[in-house]
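Two complexes come next, and they have one chain in common, chain A, joined by chain B in the first and chain C in the second.
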Partner chain A sequence: MQLPFSLQPLFDFLGQFTDGPANALIIVIALIKIALIVGGLLQIIPFIILFERKIISWVQDRPGPNRAGPWGLLHGILDGVKLFFKEEITPKGVDKPLYLLAPGLTVAPAFLALCLVPVGPIIQGAHLDALVSFLRLDPSIIGPGGIISEIPLAITNPNIGILYVLAVTSIGVYGITLAGWSSNNKWSLLGGIRASAQMVSYEITLSLSIIGVVLLAGSLNLYNIIDSQAGGFWHWNVMAQPVAFLLFIIAMFAETNRLPFDLAEAEPELTGGFHTEYSSMRFALFFLGEYINMVIVSAMCVTLFLGGYHGLFPLPWEAIATWITNISPSFAGFYPWVIMASYLIGPMVIVPAKVGFFIFLFIFARATLPRLRYDQLMDLGWKRLLPIGLINLVITSGIIAIDLMVTGNGQVELATKWIIGAITLGLFLAWDLLYYSPRRKAQLEKDYRLYPKSAKKGEKPALAS
Partner chain B sequence: MLVDFLKGSALALKHMGNFIIGKGNVTLEYPEVKREQPAFFRGRHRLQRYRDGLERCVGCSLCAAVCPSEAIYLEAAENTDENQVSAGERYAEIYQIHLLRCIFCGFCEEACPENAIVMGASYELAMNKRTDFIAEKDDMLDPAEKGFGDYHEYDPYISHVTPESDKSAKGDPWAVKAEH
Partner chain C sequence: MALVIYYVLFGITVLFALGVLFNRNTVRSAICLVGVMAALAVNYLIMRQEFVAFIQIVVYTGAIMVLFLFVIMLLNLREPEVMPWYLRKARFWGGALSLVFFFTLALAVQVWTVSGVTPGAIENEAFIKESGTPEVILLSTLMITKYVAPFILTSILLLVAVIGAIVMAKRYDEDGQEIISEEEVS
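Now for the complex of A and B:
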């Protein structure tokens, strides 16, 4: 099967401007992937906002937005249109260059981190060959033996992927901090400072929970990390690192400044926090950055702990394709379509479903949990999560070292993964149940309660000492 | 800690699930469904009529006198044999209530000796222009066929309730306010 015309002359033409057709092809492939991934995400974000408002409404026993469009589907889009046409107000006394720069500094790192999200497998080998012959391109430029020997279904695939993601997502806090600083407003400044302090505290937990996964995979490359989890859900890193998974979830709430850790924009305390002085599209950019960040940390969690684009069960796609072609001669042409489906099921079904679960978790936590006080936030970050992460890392690395010494094949066995998971989860649950015993919980409740629980009827409750 | 967290989440999940299967909705879809107001509700003013269509208001200006925010303006005129508007000697030729000044205290309703002005059930008071907030007599007057009661009947507490739906007279303050 082939296209009726060859695409090669197009790339030969473009190659005049880009020092060879291979460079033109690289640029075109990158542009197509950027358009699909970034464009697709931007289309979805208004619906995430609508979904968020709906879920929160349902938890609170009300139907939620349902005025614009069927089931309220146009609310998010109309919100965007409204913000776009609003007046942009720049207050007097702001530090203007930083004030204008800050929203961009929040959004740009989010988009940069988006480049690394692997939404599907790498196209290589015979499948790439088939694709190239379908498009009638030059196999010496693109193909198993050509200059471009593989097409990963992510915008880019550097070897230090996870380091890059950590670095870029931490830059995002500059936008928030600078917005708070440049606004010339005490509440905004407090919000910015809170955001940066929170980011510093929880970045450590985030990194500690990632190190275990990197040890298991033996690589920083996101595709290698996903490949180490191939072969069904019992291979996923969540089985080996359940405690790190919990830590990562808590840290990712803090990293994205979402409830219960949204102290940077705590409305009752800071009247909107770092974005108080922003209006119109600049305000919308902060929101956009927040939601893209949500999607990215969710995608990172999926990549690191839930097997990325792998489904619950491994399917032998080539065998299925062969079986379908053998049913009847009229199905003979279906082979490439089944193979294509095996590549598209990751980006189209599995990754959106897994990321959607985490988006739901973000929204559901916002509907359920109260906002932490600032000292409680720091307590949780430094006195609880950091030691747990360190202990988890020590146990994990110890068992991995023993495993590598015993087998000597440079790979962590499946049974070892399960042993690590069982030990760490057991220790964590035991600590949780013993530390937060009923007696201590009663004491904590007493400590944090402003008024004593049983003031007599008609009596003015005295402040607890 | 983990257990408490799961307990709290389960409660929220229960509420969400209940809503999705169609239980536990506490809201009314307002523009389509309107909440019925109890009999003591003080909404937009109405000027009542007798059964034969004559207006109850006799232009005594007691409502304007008692109004704490001076929102009522009233000019009376004499009834003649050719032009019998109200049941008494005089009638209100101009009757205006400035709804932006009105505080809906209901003193006018209590002061009225003829049960002419009552606080109605309508709470939809949004207007497009400030001048629209001055309610004229025609805006408040009941349609002629909606009048009830005989001449000089006096009972302020049942005045805005039709004899057919006379629940509030029997001491039920939450009885649904009649929409005339």
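Now for the complex of A and C:
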């Protein structure tokens, strides 16, 4: 199976401007991936917003948006159009350069982090060969022995992977902080200060929960981390690092400034927080940045803990393809299509499903949980999550070190992963159920007692004055 | 091409550094410092030191400068009304010190030409390519074998600084007793 014409002359032509056709091909592949991933996400975000409004209305038992289009499908897009045509107001007294810079500083890091999200496996070997012969390209440039010997289905794949994501998302704080400061408004400034303190505190928890996963994979590269989880859901890192998984989810909510941690824009207290003075597309950029950040942290959680693009069960695709071609002679041409399907099932089905689950979690938490008080937030971050993360890390690294010393093959065994998971989860649950929760409950009862102590159980007490 | 990028980046770094010095507004000055840190990280990237570059961003732009900004915003800094004694001749001594620093640096640059590609860097790169180990592993191996003593000493220093900050932040009454706020008691 081949295209009726070769694409090679096109790259030969482009290669005149870029030091050879191989560079032209690299640039074209990168542009295609950027268009698909970034463009695809931008198209989906209005629907995520609609999904959010629908779920909240479902929780609150009301119809929700249903005016524009069937099931209100056009609401998200029309919202975008509305924001485009609104008047752009720059209040007097703002620090103009920083006021204009802030929305960009929120969105740009979010897009930069998007480059690393691995939506599908690396195409290499015989499969790449098939693709090259389909497009009729020169195998010395692209192919198993060529200059481009593999195509990862992520925009880029640097060796330091997860460190890049941490670095880039840590820049996102500036957008919110500067927006708060430059607006020249008390409430905005309070929102900005809250956001910077909160995000810096929870970044520590986030990094601590990631280190365990990096130790298990022995690499910072996201594809290596995913490969260490290949082979069914019992290999996933969530089995080895359940406590870190919980920490990551909590820190993820705090990092994206979503409820129950959205103190930076707490409406009842700060009228809108850091984006009070922003309108039109500048406000929309903050909005967009928040949703892209949600998708990215969800994708990172999926990559680190839930096996990335791997399904629940490993499927032997080559055997399935052979089996299908053997059913009847008329199916003989289906082999490459089945293989192609095996590559597309990651980006088309598995990753969206897993990320969608976390988006649902974000929305459901917003619909059901009350906002934390600021001192409670700091308490949780520094006095609970940080020690838990440290202890989890010490236990994990200790067991991994013993495992590596015993086997000496540089890889963590499956049984060891389960032992780590069982010990850390057991210790966490024992601490929480036997020590922390009873004391906390007694404390809360003491703090928020409505009735006088003399009231006995069962009898209706008089309210304390 | 690489040379052009290098000079453009050099220009940006110097511009940001000048911004730090000449901005009267402390927040803008701090933002310029963030720019300097980010530009330095890109400099490391051009020298093919990915790990150092992103650690630079995580530590300096992502953590330290955020805390700087946080403190500046909390304090609401203004021009001091009375100059403290140690700042009376600040311009003279600052200028003299920076001149000394500049010539020392120029001498160092003269000795170890920083052109992006030194013989050592080429050798290093060849070694990394040959051994096939990511630089993270090489770096961490060095850190916990050859440089383990400085590494531990630095961490102890940081720990001492943290404990010192906590001790200084505690409040005491006239008898030297520690004042515990209501919140901590409950």
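By our rule, the second predicted complex is superposed on the first by the 439 of 465 C-alpha atoms of A that agree within 3 Å, B and C clash if a C-alpha of one lies under 4 Å from a C-alpha of the other, contacts with A are read in each partner's own complex, and residues count from 1 in each chain.
What we mean here is this: contacts are C-beta pairs under 8 Å (C-beta built on N, C-alpha and C of every residue); 3 or more make two chains touch, one makes a residue touch a chain.
Source: prediction; values computed, not measured.
Q: Do chain B and chain C fit side by side on chain A in the superposed arrangement, or is it a clash?
A: When both complexes are placed onto chain A, chain B and chain C end up side by side without any clash.
Q: Hey, in the superposed model, what angle do you get at chain A between chain B and chain C, Cα centres, nearest 10 degrees?
A: Between chain B and chain C, as viewed from chain A: 120 degrees.
Q: Based on the superposed arrangement, let me know which partner A:Leu114 touches: chain B (first), chain C (second), both, or neither?
A: Neither chain B nor chain C is touched by A:Leu114.
Q: Between chain B and chain C, whom does A:Leu98 touch in the aligned arrangement: first, second, both, or neither?
A: Second partner only, chain C.
Q: Once chain A of both complexes is superposed, is A:Tyr164 in touch with chain B (first), chain C (second), both, or neither?
A: Only chain C is touched by A:Tyr164; chain B is not.
Q: Let me test your reading of the model: by the given contact rule, A:Ile400 touches which partner, first (chain B), second (chain C), both or neither?
A: In the superposed model, A:Ile400 contacts neither chain B nor chain C.
Q: In the superposed arrangement, which partner chain does A:Ile193 touch: chain B (first), chain C (second), both, or neither?
A: After superposing on A, A:Ile193 lies in contact with chain C but is clear of chain B.
Q: Looking at the overlay, does A:Val173 come into contact with chain B only (first), chain C only (second), both, or neither?
A: So A:Val173 only meets chain C here.
Q: Counting residues of chain A in contact, which comes out ahead: chain B or chain C?
A: Looking at chain A, the partner in contact with more of its residues is C.
Q: Could you tell me if A:Ile359 is touching chain B, chain C, both of them or neither one (first, second, both, neither)?
A: neither
Q: Nearest approach of chain B to chain C by C-alpha atoms in the superposition, in Å, rounded to an integer.
A: 19
Q: Taking the stated contact definition, name every residue in chain A that is touched by chain B in one complex and by chain C in the other, in rising order.
A: none
Q: Which residues of chain B touch chain A in their complex?
A: Chain B reaches chain A through residues 1-4, 8-9, 12-13, 15-16, 18-20, 24-27, 29.
Q: Quick check: in the complex, which residue numbers of chain A touch chain C?
A: 95, 97-98, 101, 158-160, 163-164, 166-168, 170-171, 173-174, 177-178, 181, 189, 192-193, 196-197, 199-200, 203, 219-221, 375, 447
Q: Residue numbers of chain A touching chain B in their complex, please.
A: On the chain A side, the touching residues are 55, 57-63, 66, 364, 367-369, 429, 432-433, 435-436, 441.
Q: State the interface residues of chain C toward chain A in the complex, per the touch definition above.
A: Residues of chain C touching chain A: 25, 27-28, 31, 34, 38, 50-51, 54-55, 57-58, 61-63, 66-67, 69-70, 73-74, 134-136, 183, 186.
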